[in-house]
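In what follows, a single structure is set out as structure tokens and then discussed.
For clarity, chains are labelled A, B and C in written order, and residue numbers in each chain start from 1.
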Amino acid sequence: MHTILYAICGYFFLLLVVRVLSRRPGSQMTPFEFVIIFLVGGVIILATMGDDRSETNAVCAVMTVGLMHRTVSWLKTRYPRMGRVVDGTPLVLLENGEWHQDIMRRLQLTDVDVMAAARTKGVKELAEIKYAVLERNGGISIIKQKQ
Amino acid sequence: MPSTSTKPVEDSVKKVNDELAVGSDLEFQHKWWRFTRGLWIFFAAVIVADLLGCFGRGPLANATARTPDNGIVVKYERIERYGAPSILRIDFGQPAIQNGQVRLWVGESLVKTLGAQRVIPQPDQSIVGAGGISYVFPISSTPASVKFALQPVAPGIYELPIRAAGSPPINLRIFVMP
Amino acid sequence: MAGVLRGVFGYCFLVLIVRTAGRRPGKQIAPFEFVFVFFAGGLTLTAMVGDDRSLTNAFTIIISIALTHLVLAYLQRRWKTLGLIIDGTPLVLLKNGKWQVEAMRHMRIQDDDVMAMARDNGLERLDQVAYAVLERNGEISVIQTPKDQ
């Protein structure tokens, strides 16, 4: 009873924390974000399990979290608005040689981050980029200028 | 140069439209989707059962056992969980109270497997023997009750006999989930 | 003894849950999947350790998990069906200019996800995509329509 309620609340809380924190440069999360998420997550996990560390309790809690995950991903495909809340939306950072400054500032991204993503695609300078898009998973995709 | 065993590259991966090698197995995937659906319906049922207390710690797990003369009434959880604390409460009625005290005998599984941690209130006397423990509790007013804090030490099914002088015995059966 | 059983059981249970909970977390885990994997893992962990927080217990559990993993990996190579069960099979999401609706629905993948991967490969529009395949590691690979058409 306690565990299942906590697991449901904890799932949404952790989703919120990760969602608020994880929109950062690069496709991988930074170690700093990992630390916070592991801390918050660990505390939630301890609270969820409480004094009952039996296998039964853990199995039920994991099943609850799994069901939440399935439900939310079903809602995501069903209602696109839900998808935007959970996953965010792709954002254009650079368009035809123009930076979208307000977006870059809010996301604390710099041209260096975009260039880092561009180099992995074999782009040598910023002028070769036609579009740079921050994807929902945090990666930056680069579309090259046509020759 | 040391040679390693080699094998010619064949067209071994199944293709889509005769051009893109993917190697997908749609027959398996359909079976899998059906299985997944069934599995999660089952999981949902398990969670509902857990909320109800089928696996302990819920309304269905709580039980009460009493002797015909209401000498002892035991409130306990018929399904316990390994390592999780719980309370077993015994209420005493008139027949069990003699000379301002209760003489209670419980089977040794209370301590051995159900892991009784504390007894509230402190008994005047506790003696180990005859396959169990005898307690003597002073009683000043009725109704009187005694609480045992349990923390089961191993999963299994355990018998817990309880007897008070002046009242017929009862036998509890407690299932401890892993 | 109990530690070993708990380790093996926890590992197999987690594999089952993660495998059936919908989309498979790939190389680039979106926050959403991260929450699920992390939460499920942590909860299983607490039960695995239980009340025995000794170093001996920790080592025993780690070794039994590692062994289970090795055994599963070995069996997976030997026995093809187990491979299908654990890793799944690649699925075509888009071919001949048509979405494969059933696969998309079951795997809870949206056209946005495919387009994100297409952008990652430097494509600008969906009609440049000849094939999109959901790989076994959860990634979507995108194959471009030949330029000369």
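The rule is short, and it goes like this: a contact is a pair of C-beta atoms (placed from the backbone, for glycine too) under 8 Å apart; a residue touches a chain by one contact, two chains touch by 3 or more.
Here the structure is a predicted model, which means the values were calculated and not measured.
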Comparison of A-C and A-B (more C-beta pairs in contact): A-C
Chain nearest the global centroid, as defined over all protein CA atoms shown: C
Length of the line joining the C-alpha centres of chain B and chain C, rounded to whole Å: 34
Whole-Å gap between the CA centroids of chain A and chain B: 39
Between chain A and chain C, centroid-to-centroid distance (C-alpha), Å: 17
Multi-partner residues of chain C (each touching 2 or more other chains): 20, 50-51
Residue list for chain A, restricted to those that touch at least two other chains: 53-55, 57, 59, 63, 66, 70
Junction residues of chain B - those touching two or more other chains: 40, 83
Interfacial residue positions of chain B with respect to chain C in the complex: 16-17, 20, 22-26, 28-29, 32-33, 35-36, 39-40, 83
Residue ranges of chain B touching chain A (in the complex, touch as defined): 40, 43-44, 46-47, 50-51, 53, 55-58, 81-85, 177-178
Chain B-facing residues of chain C, complex: 16, 20, 50-51, 84-85, 88-92, 95-96, 103, 106, 130-131, 133, 143
Of chain A, residues touching chain C in the complex: 7, 10-11, 14-15, 18-19, 22, 27-29, 37-38, 41-42, 44-46, 48-49, 53-55, 57-59, 61-63, 65-66, 68-70, 72-74, 76-77, 80, 83, 86-87, 90, 121, 131, 133, 135-139, 141-144
Chain A partner contacts - residues on chain C that touch it in the complex: 6, 9-10, 13-14, 17, 20-23, 28-32, 34-36, 38-40, 42-51, 105, 108-110, 112, 116, 119-120, 122-124
